[in-house]
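You will see chain A twice below: alongside chain B first, and alongside chain C after that.
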Partner chain A sequence: MNDLNLDRLFNPKSIAMIGASANPSKWGFIILLNILKGDYSGKIYPVNPKEDSILGQKCYPCVADVPEAVDLVIITTPAKVVPPLIDECGQKGIPFGIVVTSDFSETGPEGAALERDVVSRAAKYGIRLVGPNSMGIFSSQTKLHAKMPPIMPLQGNISMFSQSGNLGVQMLGWGAEEGVGFEKFVSSGNEGDLSCLDYIRYFGQDKATDVIIGYLEGIDPGMELFPVAQEVSRKKPIIVFKGGRTDAGGRAAATHTGAMAGQSKIFKSVFRQAGMLEVKTSQALLDCARAFANCPLPKGNRIGIITRGGGWGVITVDACEENGLKIPQLPDKIIRKLDKHLPKYWSRGNPIDLVATIAHDPYLDCLEVLAEWEGVDAVIALGAGRRTPQYPYSKDVKGPQPLLDAIKMASEYFDQRRKKPDWMLEGIGRLVKRTGKPIIVVAIGPETLHRSNLYEFQVVSYPTPERAVRVLWQMCKYRRFLDSQQ
Partner chain B sequence: MKLIEDALKRGATSLSEYESKLLLAEYGIPITREGIVSTAEDAVKKAAEIGYPVVLKGSGEAISHKTEMNLISLNLKDEEDVRQAFKELTTNPKAEVKEVLVQQMIKGDRELMVGLTRDSQFGPCVMYGLGGIFTEILEDVAFRVAPLTRWDAMDMMNDIKGKKILEAFRGKPAVDREALADILLAVGQIGLDHDKVHEIDINPLKLIDGKPVAVDALVVFE
Partner chain C sequence: MNDLNLDRLFNPKSIAMIGASANPSKWGFIILLNILKGDYSGKIYPVNPKEDSILGQKCYPCVADVPEAVDLVIITTPAKVVPPLIDECGQKGIPFGIVVTSDFSETGPEGAALERDVVSRAAKYGIRLVGPNSMGIFSSQTKLHAKMPPIMPLQGNISMFSQSGNLGVQMLGWGAEEGVGFEKFVSSGNEGDLSCLDYIRYFGQDKATDVIIGYLEGIDPGMELFPVAQEVSRKKPIIVFKGGRTDAGGRAAATHTGAMAGQSKIFKSVFRQAGMLEVKTSQALLDCARAFANCPLPKGNRIGIITRGGGWGVITVDACEENGLKIPQLPDKIIRKLDKHLPKYWSRGNPIDLVATIAHDPYLDCLEVLAEWEGVDAVIALGAGRRTPQYPYSKDVKGPQPLLDAIKMASEYFDQRRKKPDWMLEGIGRLVKRTGKPIIVVAIGPETLHRSNLYEFQVVSYPTPERAVRVLWQMCKYRRFLDSQQ
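Right, the complex of A and B next:
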């Protein structure tokens, strides 16, 4: 695998922005503003022959006038002027470019010809290009927000490539809401030059990246997705969301095998063979990324479950078994340990049902016993991550005085509990570190809850058991792949 | 390989069933006991060699959808049956049959399928799935890029919804997964060794005491 170093693309010391604009309806304004607002650590040089300064930055008539070396050029001009601009950038010795401009191969043969022109000129000078038709890049190290929407992603250890700019930046936005942070992001656009394969390769060797995620629609024939992905998968997980899974129409083929060989079926198989983890929904992409980036990998597929209610335990067991995860029976020694913390009538099985105990202490004690037991590889903790909510009390409520008094009392009790530091989540975080096993929390609540669980306590939580189980299933699949490669 | 070179030289777009299975056999894939004959006399002789019951199939390049063209006679129990079937096949109005394939009859309890396709992206890919009519109805198949590792082959068997087909059921033994893996690996190797081979169908792959045997096969050129 050749070493393609994209460090100066993602972490440039200086950027020239051709097509920088003072007009807030232009991408040349919006992207520049995002870069400035994001507090980019390097230097930025707007280029526009018609302006002296833009957004308080001195403006240069052409890229040759920029007084120092430039690592990265961002181009937002109309398509037809891009080819000569590439020559100028080449003469300036700029190694990387992002062509945000659209109206290239995505629009038809004329655009495709223009794109080939741009790419071949860039190749002549050795410039590596992102795009065209890219929504930009993000890099947490240099705080570089060189992208269209004003989304401010959280910092993290996940790097993403996306063949759809919209879908990609939406993931960054969701991530920010849910506490899932990113290290690098690239909207790969038309992939006239650099392709998703180059990004997979680069993220694979990037020390700041622990997890790679991607949105993929297609790749050009002959590109070596399989060997590259298989090699990178041995080092870090690649979670992939494939768009265009349905094969339009049947295929005419001479054999049954040929007729079955729809693109989607082959991709699905290749992902599995290469150790890539395919998800089927945008939500699952971020769900998986969250756990892989923040949890240790389970060593096997034996799951311990702890619950505050019977029904949740039952559906979690169902989901586990349907996904090939095992629910081991508790041995006597573990039951005896749990007996100390639970009422006499507890069920003495896995899932451990806390039978409507409100208090936090027995929950954490039991969770500790379960997580430390060598018979489980991972734990699902149902109803653990929810902090005491605000009592739904309103001053406008009407009714007899005793009822109003009672509501007020309840409200005060809830408020008092809410003020306590959340040692339960802290305890879970510590337990994950100590046991080296993932403990996935399921808690009904808004995304802000899961954001703070993750961001403040490094606890991975989901609103439903089904989502937690799917994520664990993917983790076990990845473990199996790693084991098979040894 | 001479078999493939000869076929290409005479401008064939595919190998006959008999030739296809000779190619598979070269790669160690178990096939039915069989032989090509052109007279009723030889058919009877061959059937005796193979052992009854036998199957007779019309053979030739242009013949690939034998069931639809009524070119298969199953479960022939004696000489009389063979002579009768031979006559019917060679006088079939739908096809000009000059040669007939006499083949060991396998009453498989379940049917699997193994194939090869040459993908523009990933090159030769091995396919595995449920065989017979279920191939097309359920489309329950998995692919692996060649060359396959043994782990890939084993993993592939669990990568279809109908994975239980390999387990013991109704008094029949479980399928010999190692033997099946050998076949999957061999088919991938054929794809790697012969650029001209575009697609392969082994359908059905039947089971004798848990051991898979290629009962019908088709090799198609580019």
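Right, the complex of A and C next:
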């Protein structure tokens, strides 16, 4: 596999922006604003012959006038003027460009011809291009927010490529809500030059990237994808969400990115053999990214379950079994250890049902016994963590004084518990490190809960057991791939 | 099907509470507190020989001393004293009881014998019992929060039974976050007397209930369930989440509720023939409940899709196709109508891709054309509604004055748009009424967004297209069942 160094694309020291505009309704204004607000660490040179300055930045009449070498040019002009601008960039010696401009191959044969012209001119000068019709890129190291929508991704160790700009940037925004952070992002647009294959190859070499995720519609699944993806998969997971899996979806993809329909069986087989992990829903893409980026891999598919309620345990077992995960029986030595913490009549099985008590909470004691047992490779911890919600009754209830006193007391009790540092999540975080096993928490709650679980306690959590199981299933699959490659 | 009138159980005029306690760590205190806080519309009589009053309520030494007729008794005493208390309730002529007390059949043969004793004494007096080992009930009409956890459900037209108390009440709480409201709820406990079959039958007759949902583990799937469920399904949908679908799950269910394992094929067939809708995840249970309770049913499985981004359209088509929903091609007359609203190069297909523009937003115009077309039975509206998030960049960015001015301007613009009443959601709400077709909105966003979409605009929405598709698939299935019964 040849190296492909895109460092200066994602972490440029200086950017020229052709098409920068003083008009707030133009992308050339909005992207410049996003770059400046994002506190980009390099230098940015707006290029526009009609303006002296935009957003407080000195403006240059043409790219030749920019007073230093430029690593990256971002183009937002109308399509027709792009080809001669590429010549100017080539003469300036710029190695990378992002063509945000649309009206190229996505609009028909005329646009396709224009796109070929742009790409062949770029090739002449050795310029590598993102797009055209790209929504831009994001890079956490240089704090480069060179993209259309005003979304502020969290920083993390996941890098993403997307053949849909909309879907990609919305994943960044959704990740910010849920606590899933990104290292690099690229909206690959029409892929006139650089393709997602190039991004996979580069992210594979990139030391700051631990997990690669991507939205794919069209790519040659055979000759090219297989060897590149297989080599990268040996080093880090590639999680893909494939649009156009069905005949109708393939037709829709063809009108969107020109992807070829009807190859879903080929893709499935290439994904499997190359160790790529295919997810089938948008939610699963982000769910998997979260766990792969923040959890150790399980060594096998034997799952321990701990629960506060029988029903949740039952449905978690069903989900595991339906996804090929195993629920081993507890041996006597583990049952004896758990006997010390649980009431006499506990069910002595896996899932371990804590049989709700109010006073003493044996959760962490039992979880420790379970996670340390060599018979399980991973644990699903149902109802762990921040149990104490806001007291849900309004404090202005009417009634006799003793009732009002009791409500006040209960509210204060809840408030106090919510303020305490969460010893249980702290304990789970420590236990993951000590055992080297993933412990996935399940707790009904809003995005903010799961974000703080991850950010404050390094604990991966989901609101439903089925989502946790789906993620563990993918982790086991990836582990099997790694084992098969040794 | 015999009538079974549980009105006085769910909407009692007076309740006696045996085991009411002044000790805040006892369930007899917590449930009484929840009932009082919930602003229950009837009378509540705590019974406890050791107290004069609890929470400001006069206390009675025994149930015989309660000065009026009692519709419902709630028992939270230790298990051993329950049998003689049942006799006292029988002599008082109380028709319904909820035995919250645990330590019955769920703990072994001794508890099972005690449970049989309780049930047979109740039968002698004609008392119908919920439980034992029930977490209680909720009823919106009398504002009766007779349940353990301090969760405040929203009022709605969905009634739920649950063979897991934990799972059931957490669905109520989850519903409150997401905007899914309930009419009645019962945690059926060990089902020593009344079973989920009885609740299905009663909810089927209940005028305030439009949709029935339930969590099931153990029930005789044959003789009893089939005729009852089929008759009810003809009137209103029954959505079930079955725990113990797999062998391992069945074993876990056996230790939890004593359900019989290994009958999953029988259940599947009974569910299908009786028109019951089986969901496979906890999230799907609530998702389906939301749409069935707030949307018209589609007349068939032809889906129109409208999107702001090609990628989202593609993955929605894939999800539809994988679930047996059809994506019809647009005929010329519809394309001509849409041509008026869209740029020249739009793709002229279903999904209708709006080809993002900033200035003019043709969304509602195109949606109207699509929804009114007789060729579709339902519409998925991707990215509709409250598009304007909070402006995500902090206002304390440093930089030259024009940059600060631009950020201030953008923030104000975003804030202003967010304050405006949402004409698009209003339009969608009207369009659903006018066309009689479900229009399901998909918009990434937190629970609060989807709650306000429903409560302020009567629009059903989900954060991912796959969840919307799963719901529409169930609606189509139910429609086919109804059609087959005519």
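Rule of thumb we're sticking to: the second predicted complex is superposed on the first by the 450 of 486 C-alpha atoms of A that agree within 3 Å, B and C clash if a C-alpha of one lies under 4 Å from a C-alpha of the other, contacts with A are read in each partner's own complex, and residues count from 1 in each chain.
The rule is short, and it goes like this: a residue touches a chain if its C-beta (ideal position, glycine included) is under 8 Å from a C-beta of that chain, and two chains touch if they have at least 3 such contacts.
A quick note: this is a predicted structure, and the numbers were derived from the prediction, not measured.
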item	value
Touching partner for A:Lys37 - first (chain B), second (chain C), both, neither	second
Which of chain B and chain C A:Ala113 touches, first, second, both or neither	neither
Partner chain(s) touched by A:Val81 [first = chain B, second = chain C, both, neither]	neither
More chain A residues in contact [chain B versus chain C]	C
Touched partner set for A:Ala64, first chain B, second chain C, both or neither	neither
First, second, both or neither for A:Gly173, with chain B first and chain C second	second
Residues on chain A lying within both footprints (that of chain B and that of chain C)	253, 255-257
Chain A to chain B touching residues, read off their complex	219, 221-223, 225-226, 253-261, 263, 265-266, 269-270, 272-273, 484
Contact footprint of chain A on chain B as seen in their complex	13-14, 64, 113, 115-117, 119-122, 125, 127, 129, 135-136, 139, 141-145, 151-152, 155-156, 159, 198-201, 203, 218, 220
For the chain C and chain A complex, residues of the former touching the latter	24-25, 29, 33, 36-39, 53-57, 103, 106-108, 150-152, 162-168, 170, 173-174, 176-177, 215, 217, 241, 243-249, 251-253, 255-257, 280-283, 308-315, 317-322, 327, 345, 347, 349, 351, 353, 356, 358-359, 383, 389, 391-393, 397, 399-403, 406-407, 409-410, 444, 446-448, 463-467
